[in-house]
Amino acid sequence: MPGSIRVFGWLEMARTADTLLEDIQGPTPGQMLRKRIFGHQGLLFGVAVLGLLLLVAIFAPLLAPHDPYAQDLLARMQPPVFLGGSWEHPLGTDHLGRDYLSRLIYGARISLLIGGFAALISGLIGTAMGVAAGYFGGRVDMAVTFLINVRLAMPVVLVALAIVAVFGGSLQVVILVLGFLLWDRFAVVMRSSTLQVRSREYVTAAQAIGCSTSRVILSEIMPNIVNNLIVVVTLEMAHAILLEAALSFLGLGVQPPTPSWGLMVSEGKQMMLFEPWLVAIPGITLFVLVLAINLLGDGLRDVTAPENRS
Amino acid sequence: MLNFILKRLGLAVLVALTVSAISFSLLFMAGDPAAALAGEQATDVDIEAIRRLYGFDRPMIVQYWEWLSRALQGDFGESYYFRLPVSDLIMERLSITMTLGVCGISFALLTAVPLGVVAAIRPNSLIDRFALFLSVMGQAMPSFWFGLMMIVVFSIQLNWLPPSGTKTWVHFIMPTIVLGYYAMPAIMRLTRAGMLDVLGSDYIRTARAKGAGEGRVLFKHALRNAIIPVVSLAAVQMGFMLGGSIVVESIFALHGAGYLAWESIGRNDLPTVQALILIFSMFYIVFTFLSDVLNAWLDPRIRVA
Amino acid sequence: MSEPVLSVRNLRLDIPTGAGTLHAVRGIDFDLERGETLCIVGESGSGKSLTSLAIMDLLSKRIERKADKLVFDGTDLTKAGAKKMRALRGDRMAMIFQEPMTSLNPAYTIGDQLMEALLLHRKVGKAEARRRAVELLEKVGITGAERRLSQYPHQLSGGLRQRVMIAMALMCEPELIIADEPTTALDVTIQAQILRLLVDLTREMNVAMILITHDLGVVARVADKVAVMYAGELVETGTAKKVFDAPMHPYTRGLLRCIPVPGKTERGSELGSIPGIVPSLVGKVSGCVFRTRCEEATEACRGEIPYRESAEGRHNFRCVHETGRRAGVEEPA
Amino acid sequence: MKSLSLKCGVAALALMVAGAAHAGKSDDTLNVAFTKELENVDSYFNSSREGVVMQRAVWDGLVYRDPVTNEYKGNLATSWEWIDDLTLEFKLREGVKFHNGEEFDADDVVYTVNYVADEKNGAKTQRNVNWMKSAEKVDKYTVRISLKKPFPAAIEFLSGPVSMYPNEYYAEAGPTGMGLKPVGTGPYKVTEVEPGKHFVLEKYEGYHDSPKGQPEIGKIDIRTIPDVNTQMAELFSGSLDLIWQVPADQAGKLATMDQFTVANESTMRIGYLTLDAAGRTGEKNPFTDVRVRRAVAHAVNREALVAALLKGKSKVISTACFPSQFGCFQDVASYDYDPEKAKALLAEAGYPDGFETDFYAYRDREYAEAISSFLNAVGIKTNFHMLQYSALRELRMKGGTPVSFQTWGSYSINDASAITSQFFKFGSLDDSRDEEVRDWLDVADSATDPEKRKEYYAKALTKIADQAYWVPMFSYNTNYVFTNEVSYTPTPDEVLRFVDMSWN
């Protein structure tokens, strides 16, 4: 059918595409982002709880009513106020007579520290590997993909236990072990994000005008995949915190007297059948923290990538 | 298809070899095996005798090659602790871990897939919100804590379920739930997202235009396509589950391979730990390989390439 | 003339949104006789696809469908339940979609998908369904039909897939085929083949067809009737000849001016364009929806708009001006 | 596997069928939990407390020590005498049969002793057997055991870890076969073994007239349940009748419940801090200064530890051995809790602001944590390290540790040679390296005159306490918890004796 010309030309000029299904007087992108953020209950909850815990962690010395390390063997396992205890120890005392509330407050520092640093280390490793694989492709990509496979094949808990058993559990060892074990998701996500971005015009343009590789990666690729990175950071942070708790539960996490929440659950476990609050209190705070981080991560994903919204 | 399988197989073998080398070298740093073998009450003379007996004084690379070549024939040596062949020891316990893993993943799939499907059919409905709630909870709840709380409620307070042991299937209920629930959120989210995606696709409209009923549309046309990524995920989760059953096995006193691994680390029972790390890795490798094959079978775009 | 195979009166589609109800499609009237081809033309988003999906009852549940009359082959579709509709779809009415690449299920063979409708609606065995599938594949010009049956969609090119879609629509010898821009997604070189195939087959089998398209060239060649749609309304309907020769609605005229129609547009004449934007359809819609872009617009365009029949009959348009032009204005040279 | 997953699916529907068979008195089966997996039931090839329990139930030694009076009685031997410093002669009991019907005689003793004493056969705890050189048959019911060097504690060892195996069966089955299907002469025979998981013992009807007494309970079902909470949960649900090694706090709670009996007994295990007096971790190590070591001793409130944490029959101790052990001299320097004095001593030693040190432990985290907290309070800042036993042992063997919390159970051997001599004779775990102490202990270990032994142990222990090489803390105790259907009086040697149990 020669001579047949479709009407796309003026249709585009008329700017009418899809207007039927959307309000034509739509908000600006900024307004929409704000609307999405403030309309997202999960995100708001996550930000609020995480912010609160961050403040608690920073101002722990001001907030804690007692020294979290001061033991009193004569006042062991005092019940919390709501179970008939005294206001001297609002959340009771632990198995060595240390103030539970104070330990909980200082514990926020430990959990956030472990989660934060483990995510930082694994993020650096995984992002470097993922971006390199996605950007350079070829052999680099093959090598990174292979390493990801190897890493995924290793049973995390088992390997972490074995390493901590060898080097002894300290805050540094736990952070390093988790950091070196949890980079896989960073690598996977960063690799595919980089792959998507690499072929975009602005990247090609930057390459064409002779920008150095590092400059292309840092100023053209990274800003465009950073939102995915942030989402993975939150998920891995939560993952690291849970894993640290599990290691501590198995007796191979951070060491006493460090008030880690996982360790507190582990220590309270002994009396779980008689004083369940010893396990319940740190267990619930742990749960709320991980919940908040996860909701934050999910929320960020929803807000920054609305097409992926579930 | 054959080409595809061979390629995946080659990769799997290479990964397995690397993991074996890593686990071997890793555990060789794990303290003096002779001291661990001798036990708490042993004297220095005991330990020296054991060191000579087991040849721990030889170079590591020699020990690795010897171990690997025998491992390929299914001989993982003798457990330092039990003095039984490691392969026997593991085979015997693996059945419990496998049972647990199969139950766990079945539980996760049987709950997560229907929930995901229903949530996708009725987005933003009560069920969808419930499923979302469950998945958010599931991701945040420490499994050891969940297990302990289950014992408190169902064994101590209600006295419905036995807190430990493996005698009957009833003993597997709580461990199955605790192990399975952690895999649920991911499976459910993926099912939901996959179904939403597929249900909005053109070929579903085509099926409807042909006059296919809702059930046929959902299960024959939609689920078949939405389930493909779920299969991969389930295989990965199953691999993780087997490796992660340590916590569950120690809480519910299930004498499976995970518990054996944990104990063996404490006892420096090198041959057992090495064999277990390798076997757990192999599970992951085999499962992902099988899921690739299954995927290829499910997805003609891979099968008939 | 016998009873039309499809008769639509005052079809309305409403979509509830956060900001109010979106009146996506309003007051659609048309009849379609057996074996007749109706072309619906209009811009993207003018409601063409929604209208066709409404007839098939394939709209999302969010969209409310209302009609004074919606009768297909003697069945009142407004009263037909889900079960009744399922029995009609794929059997008496079939649809061909725009995207052959995604409209076939990647998990099943061509054969499975071809046979599905027949097996669903007719009491035939697999062998019989298979025979029919082969017959139709040959009819739509696919060579090696037997072999194709066991192939998967990803092994076929876009053109072949659209042929499969056509065969699929014809499996049960329907009364009505709705083809929603069946060639837009295809390579320009094969668009014509596919379209010719579709038209020839419907003629041969005496199937009525609603063809939705952008391509006025196509319309000019194949349409018995033309319906021009703008912002959810039919602004002009009539036989192809009348609409092309004497377009009454300013929008139709604009449309025709924009595109060269072989034999209708002189070489070298300027391609025009219509400035302005489509109004929001959320909330109450009153007056002429085209007035924001219409060069003939007057104050009266805000009021009731009559649906006029042109002097010669069988040609209707929606405009306040009797002739589709502001009084006293000469046709521009 | 398929049917199993099916079963799991069905499981959720049928919760109400649950509930294990509530065993106990009604079917004459005692359900017991072990915390640790037993590597091998063969008593020469395991080193855990659970192994000792099994050994005492399944096998017999030549000699028996009454756990209450500490008097030695003939068991498989009826009498014995020292021929010289290196030779012991035994008259064997006649008419004793092994569980498999094999008759017990001198050949069994000769085979067992010669097998386990041979280092090449790899008996796990060499110290238990390496003092024996060989055994020879005199006649069918007379046997002589030769020693490598004078060993006064021989009878104690023969009443403890050295038990007699059937020669024909053992020659064929070896340690692995013995572990899977144990055969002994003891009051209980093993009918079921699932290694590490589950054992079933049954009363041996043909048990000889032993000083152990006759078994009463028909069947003992032993399961390994690692978690104390799970053990207690099983106890509550009625599927366990007896648990032991229950921590003090839980035992205290269980004692308040009507349906359980909680019995507490001391054990031979003691806890102590060992300080790097020899300077193995470095010349400038603060612990090389006796004042610092004494400061540590003054810093820890041992009474509070015992009263609040260990409870029960635990005692504060001051000597480097368990008080009931032979030669464990008690009248030594004792350091009372006095943090001010501790600080003064530290200041005197040149540490007015204290110092920082690594603190190691491998078990009883709670106790170790409390102790390190006491040290922190006087200015000794501790970096706490909890290691696996083997890792800590390796560390100590190679380069020592500045301060570590250790425990030692003496393998239930009631003789100071089983503890003090293990650690103060320049072995790799000797952190003090005091030649004088070593020489005294050498004399005490090999002298045959009991008085002379006592004298030299006293000298050594006095110096150890004075120099505070160790800071002995407390003796341990064990809680046994059982249902009211069970009647049992535990003994102070931390050995669960099924033969002493009966139904109420």
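Order as written gives the chain letters A, B, C and D; numbering starts at 1 within each chain.
FYI, a contact is a pair of C-beta atoms (placed from the backbone, for glycine too) under 8 Å apart; a residue touches a chain by one contact, two chains touch by 3 or more.
These numbers come from a predicted model, not from an experiment.
Asker: Which chains make contact with chain A and with chain C at once?
Answerer: A chain counts here if it touches both chain A and chain C, which gives B.
Asker: Which of the chain pairs holds the record for C-beta pairs in contact?
Answerer: Ranked by contacting C-beta pairs, first place goes to B-D.
Asker: What is the chain whose Cα centroid lies farthest from the Cα centroid of chain B?
Answerer: So the farthest one, by centre of C-alpha atoms, is C.
Asker: If I average the Cα coordinates per chain and compare with the overall Cα mean, which chain comes out closest?
Answerer: B
Asker: Between chain A and chain D, tell me the centre distance in angstrom, where each centre is the average of that chain's C-alpha atoms.
Answerer: 46
Asker: Could you give the separation in Å between the centres of chain A and chain B, each centre being the mean of its C-alpha atoms?
Answerer: Their C-alpha centroids are separated by 23 Å.
Asker: Just how far, in Å, is the C-alpha centre of chain D from the one of chain B?
Answerer: Result: the chain centres lie 38 Å from each other.
Asker: In whole angstrom, how far does the Cα centroid of chain B sit from the Cα centroid of chain C?
Answerer: One centre to the other, that is 53 Å.
Asker: Enumerate the residues of chain C that touch no fewer than two other chains.
Answerer: As it turns out, chain C has no residue touching two or more other chains.
Asker: On chain D, where are the residues touching two or more other chains?
Answerer: In chain D, residues 229, 233, 236, 388, 391 touch at least two other chains, as defined above.
Asker: Can you tell me which residues of chain A touch two or more of the remaining chains?
Answerer: 165-166, 269, 272-273
Asker: Over in the complex, which chain B residues touch chain C? Could you list them?
Answerer: 201-203, 205-214, 221, 224-225, 298-301, 304
Asker: Of all residues in chain A, which touch chain B in the complex?
Answerer: Residues 42, 146, 149-150, 152-159, 161-163, 165-166, 238, 242, 245-246, 249-250, 262, 265, 269, 272-273, 276, 279, 283, 286-288, 290-291, 294-295, 298, 310.
Asker: List the residues on chain C that touch chain B in their complex, please.
Answerer: Touching chain B from chain C are residues 56, 58, 82, 85-91, 94-95, 97, 99, 102-109, 113, 116-117, 120-121, 151-152, 154-155, 165, 168.
Asker: For a test of understanding, state which residues of chain B touch chain A in their complex under the given definition.
Answerer: Where chain B meets chain A, its residues are 11, 14-16, 18-19, 22-23, 26-27, 29-31, 132, 136-137, 139-145, 148-149, 152, 156, 189, 192-193, 196, 236, 239-240, 242-244, 246-247, 250, 258, 261-262, 265-266, 273, 276-277, 280-281, 284-285, 288.
Asker: Over in the complex, which chain A residues touch chain D? Could you list them?
Answerer: 69, 71, 73-74, 76-77, 95-97, 165-166, 168-170, 251, 255-257, 267, 269-274
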